[in-house]
Each structure stands twice: as structure tokens, then as C-alpha cells.
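When the chains are written out, they are named A, B and C in that same order, and each has its own residue count from 1.
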Amino acid sequence: MVESIIGIRGKDFVILAQDTNTTKYGILNMKFDTNRLFKLSEHCAMLAAGEPGDVVQFAEYVGKNIQLYKMINGIELSPHACANFTRHEMATSLRSRNSFLANLVVGGFSTNERDQQRVQLYSIDYLGAMISANVVAHGFCQFFALGIGDRLWKEDLTVEEALAMLQIMVNELGKRMAAYPHCVFVRIIDAKGIRVLENMYPEKIHVAKPTEGDLQTTADMMDIHS
Amino acid sequence: MGDDMMSYNGGVALAMKGKECVAIVCDKRYGIQNKTVATNFTKIFQYGDHCFVAFCGLATDVQTVSERLRFRTNLYELREQRKLKPLVLYNMLTNLLYERRFGPYFVYALVIGLDPKTGETYVFDSDNIGAISDNVNLATVGTASDYIFGLGELFFKPNMNADELFEATSQAFLNGVDRDSASGWGAVVYVVEKDKVTVRELKGRQD
Amino acid sequence: MSGIAFEQPAGGFVFDNCRRNDILLKNNVLPGKIHKTGTTIAAITYKDGVVIAADSRCTAGNIIFDDNVLKIHRLSDNIYALGAGTSADCDFQTRLLESQLELLKLNQDRQVRVATAVRKIQQHLFRYRGYIGAYLIIVGVDVTGSHIATVHPHGSIAFLPFVASGSGGYTSLSVIEDRYKENMTEDEAKQLVRDALYASTTTDLYSGSKINMFVLTKEKLDKFLPYEIVAARTEKQADYTLAKGTTEVISTNVKKIEFDIVNEKVKATGAHEAMELA
């Protein structure tokens, strides 16, 4: 739950962002460049967070099967179809010996011109419940991301606006979360495919140096007289 | 809330009968216990021209059961070369649920339908293990069903026309839902008549 | 890719959710209420046959889910069952038994006996160790006379001259026990069952609304649906019809349903026929 994954749907693109910490025992950071994005097809990718082993196992299983589908049938699954397939696999695995604890964000750009909604973004939780929304997130960052998303999202969202919105979310995470996101990977998917954007970092928090008066107040509160 | 699998994600639905018309309504909330995650999660699914089913309960099961039922109904229509009737749909659903009597899906269901030839209307409900109900005047399932039941009884009267039915269903639903924290955030009403289905999105309280 | 080979119903119970539900229902999480009949059902034998009756209330917790339920299930033309306990179990087990008895009848080309029905359901319930929560009263008339048997979920049975069961069963049973005589007339028997059901519907919270009654003899089956409405819903004291436009609507979308013409007949008149002939 300390991992953050966020998806934002724009006018003709989706942005998929993730923090990069790998944690151990809930308090230790092991590395700062973890990748959580798994490519499903040329125009579709999945962010996954949860039990580290499960995440990789499940995401690769789903990803490879979607690629296999393309090889067998000669057509690529749309992000909508990828998400529905992923949900079904998740719901099925939940009823078997090997269930996975992974929360997912599936996003992409449909290459099918007849699709009414070509930018598609889905969130799937570890139980296999799937929703489609403009802003989706998993983990504790949901509390911040969904609130900020509800406030700032609009139709015809441009890339700049989406990134500005994401920066606000990242700042909030850096300010409020004990698990500080040292670095956030940002990827974009649009008609041209999946691309990597600049990393994002939380804004530095300035804690003002206490004045002489502040220190005296603190001392008074503690009943220290020198 | 949260100590019951049926209210983990929240959600509620109501169905009511009129004269040669039948209505079904559901809310749009998808939450995880006390956190609202999405407000576009509708729970009504169409299985044929005049048949609709609403599922309430655990969201993953709402989707899984609706897909399983879709699979079985599609196969039925292909194999039998005829349209699905409400009673057939209801029997297929309750069979599906009762198969898992000892490891149930956490969903309650409402089935509505209309026979376009006779104008006969159907409203059925089921619990999570497929209890069979009669063809009733009104039924409601989900987290706010206790409140909506009373209101539904108040606003229901026999032989309503489509407009009256819509108002009665909507008002019973909206006012009941406002007393429930696990459901709400707008509603979608389907009014089924012989020649058309009217889908209306309702303004609901957003909290 | 398990997603492609989707399930085909094979018949019988499916246990694929059990493991998952065990995980989900840890930490004192409840599975949610299921429908109970919350019932009074009663049956007595009289001179020519049996009289059976049931109330019509279906409950989920304290909510009355339905007040017009038929708890009398057909097993065959000469055998009927009354169900109490878990609604779904009563519905499906009686359906299952009905189909088995029908096949048996067709195989043997003779009327099935009450004992057969009872033994079949008894063995089935025993196999499921009481987990199928169906409390049944099976009644019928066959070549050996009229019978009443009560079957419990664990598979125990008893053939009795009269019995009552369900949440209001004891109330009804005490009334029947007080006044039951052998070889009663039909009217006496109906009155006694009615009084027994009246006692329980008015005292037991989970029984109510209507009394449904069947009278079954070798010659006939009389259905009284209902025999008596114990507690009728009062008339509404005002008209609550809402004016059109009361509810605020954000968007409306009308989908027309295309009709298939199922049957079209044009009847030719005499003049038309004459023209064609000419």
C-alpha cells in the first residue's frame, strides 16, 4: 500500500506515473529506480503494485498472453480488451491455489479508429473489481490523487495540464507520506505509442528555522527555565 | 460497514412494475469500505431487448457474475435459436448462484423483464445463493434496500404508466439512498416499455 | 489462456469460490444475509387425505422481503412438499426432487409413492451432512394411503399423523395437538389447520400475511390461494402519485426496440377470392 501508482486520462493521451521505491519491512528503502510499468502492447501498458513477487509474476503472465494473442490472431487487443482480460485473469486466479495480491492500472490508446473513446484507462484491484475513470490510483496515494483529480480534471486536458496536476499530487505525497517518493517515473501513451517523460520529484519542503521567540515558547511549554 | 462482504463496495438497486412498463434503477458509487473511488459504476446489465438485471454486492462478483450470465445467455440464444424470456433468464441466474451454494458469490440480484406480445411485466429478486422469488410488484437489493423498501411501498400503486412509474421509482430510490453512506452519487433509471427503453441519469447528492 | 475456455455448467455444486471466500471472510467478516422462509408450515391427516397449509412471508433478517410466497412445492401430482429454513435450499431441493420423481414415474409407468420421495430426499440431505438447510414436510396420497413425513436437514425423518414446522411451528403444533382427533371430516381438518396457522402468524414475527392451504385426497386437489388473508395491508391514506417532472434528470436516452413480426395474417375476403378465381 505504500507504493503509488497513478493514471490520468487526457484528451488524446494517458499518463501513467509511479513511485520508484522498493521497500522492505515497511520501513527500509532498498532501491530508488523500481519499474512498475509493464508493456502489454504497442499502445497499452499496465502499472502494477502489491506483493512484489505477485506483481511481476502476474503482470508478465498477462503481458505475455496478450502478446501471444497478437501473434495467433494477427490483431492487437485494444486497451479495453486488455483490461477486461486482465480482470478476468485476476478474478479467476483469486479462486485458485495461486492468487495474486496486485493492484493494477491499465491504460492505453486504441488503434481502432471506430472506437468512440480511444483513450482508455482502467483500474483493477486485487479482488478483480474493475472501473474506468479519468483519474485512477492505487495505494495510500489514492486519498490524494483522487481528490486532486476530481478537483482539477476537465475535458480536453492537455499534456501540460496533466503533468501540472501530477506534480501537485507528487508534492502532496512528498509532504504527507511517511514513505517519501524520492523519484516518480512518468510515461505517456498516445497515438505514437508509449514514451518516457522526465522524472518528477516532490517539491522540497521548507521548514522555517525557529526564531528566538519560537524557541522560548517551546521552552515555556515544556516548563524549562534557564 | 466493512464487516459485511455485501457492503464492502456499496451499491443498491430498485425495481418496480407499472402497466405494460417496468423500471429498474441503480446507484453509481464504487467504494472500498468508507472510501469512494469511482462515481460511474453502474450495476445494471442488459440481457436481451426487454430484460435487465441489476447486481449489488462485492464489485468483483458483480462483474464476474454478469459476465458468466452473459456467457450462458449468449450460448442459450445460439443453441436454442430464440430470444431469452425473463423467466428463463431468472432461472438461469438462480441456477448459476445456487451452484455455488457452499462458496457463494457475494451478490444480490434483481431481474426485470417485459413480454412485448402480452405486455406482462416481471420483477424478480434473488439472494446470494439463488433464492427464488415470485413475480413481485417491487423489489430492492443492496446496502440501502432497508430504507428504500418502505419508500417503494409508499410510492407504488398498481397500473402506473411509464411517467408515473419513473417518478415513483426515482423518488423512492433517491430519498432512500440519501440515508445510506455506502451508496449514492447519482443514479441511472431504465424504464422498459414494449417499443422502447428510456435511460435517464438522475441528479443525486454527491456525498 | 484460461480466459478463452470459459466454464460450461456441468451440474451439481461448484466449490471454486470456497478458498477465496475463506480468505475474504477472515477477521470476523460476515457473508451477508440470505433469505429465510421464517415460516409456519403445518400438515394433518384426516379421514380422506391430508390438509396442508403455510404462511406466505419471506424474510431477510428483520426485513419482510416478500409477503406473497408459495411455500408449498409440487413434487408430483400426488405428492407435495412444504419448505422451511433457507429459501434457496427449499426451492432447489424440491425442484431437484420433482424432476427425479417425474423421471421415476416415466420409467416405472406408475404413480410414485410418498415413501420413495421421502427416502430420496433423506439420502440426499444426509449426504450433505446438514449443510443444506431445508426443513421439509412431505405429504402425499398413494396406493398405501395418505402420509405426512417430516424431514430434517441432517436426514432424519418421521412419519406422523400431524406435524408443524418452522419458526412458528411450535405455536401451531400446540393448537393441533390440543384438538386433533382421528378421522376428522374435511371441514374440521381445514378449520383446525387454519386455527393453527392463525395462531402462529399472529404471534411469530417471521410468519405472516396469508394462509395458503391445499387439500389433497386420492380423488382431488383443492388449492386455496389464499385460504385467508390474516393481515391485509391497509389502504393508503393519501394519494402519493408524483407529478411528472418531480425528479431532476441530467440526461435522457431513448433506445427504440426493433420488433420482429412474429405472426401476420391477411384474411382474404370473398370478393378477393372470386377475383382470383376469375
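Operating definition for what follows: a contact is a pair of C-beta atoms (placed from the backbone, for glycine too) under 8 Å apart; a residue touches a chain by one contact, two chains touch by 3 or more.
For clarity, every value in this text was computed on a predicted model and none was experimentally measured.
> From chain A, which chain is the farthest off, judged by mean CA positions?
C
> Write down the pair of chains with the top C-beta contact pair count.
Ranked by contacting C-beta pairs, first place goes to B-C.
> Chain B to chain C: how many Å between their CA centres?
23
> For chain A and chain B, what's the span in angstrom between their mean Cα positions?
33
> Taking each chain's centre as the mean position of its Cα atoms, how many Å separate chain A from chain C?
Spacing between the chain centres: roughly 51 Å.
> Using the touch rule from the top of the page, what residues of chain A touch 2 or more other chains?
As it turns out, chain A has residues touching two or more other chains at 88, 94, 127.
> Touching two or more other chains, which residues of chain C qualify?
In chain C, the residues touching two or more other chains are 16-17, 19-20, 24.
> Help me check something: in the complex, which residues belonging to chain A touch chain C?
Residues 65, 68-69, 85, 88-89, 92, 94-97, 99, 127 of chain A touch chain C in their complex.
> Quick check: in the complex, which residue numbers of chain C touch chain A?
Touching chain A: residues 1-3, 16-17, 19-20, 23-24 of chain C.
> So in the complex, which bits of chain C are touching chain B?
Against chain B, the touching part of chain C is residues 6-7, 9, 12-21, 24-25, 28-35, 58, 60, 63, 65-66, 68-70, 86-89, 91-92, 131-132, 236, 240-244, 246-257, 259, 262.
> In the complex formed with chain B, which residues of chain A make contact?
Against chain B, chain A makes touches at 87-88, 91, 94, 123, 125, 127-133, 142-143, 146.
> Hey, which residues of chain B end up touching chain A in the complex?
Contact set of chain B toward chain A: 9, 30, 32, 35, 37-38, 40-41, 58-60, 62-64, 67.
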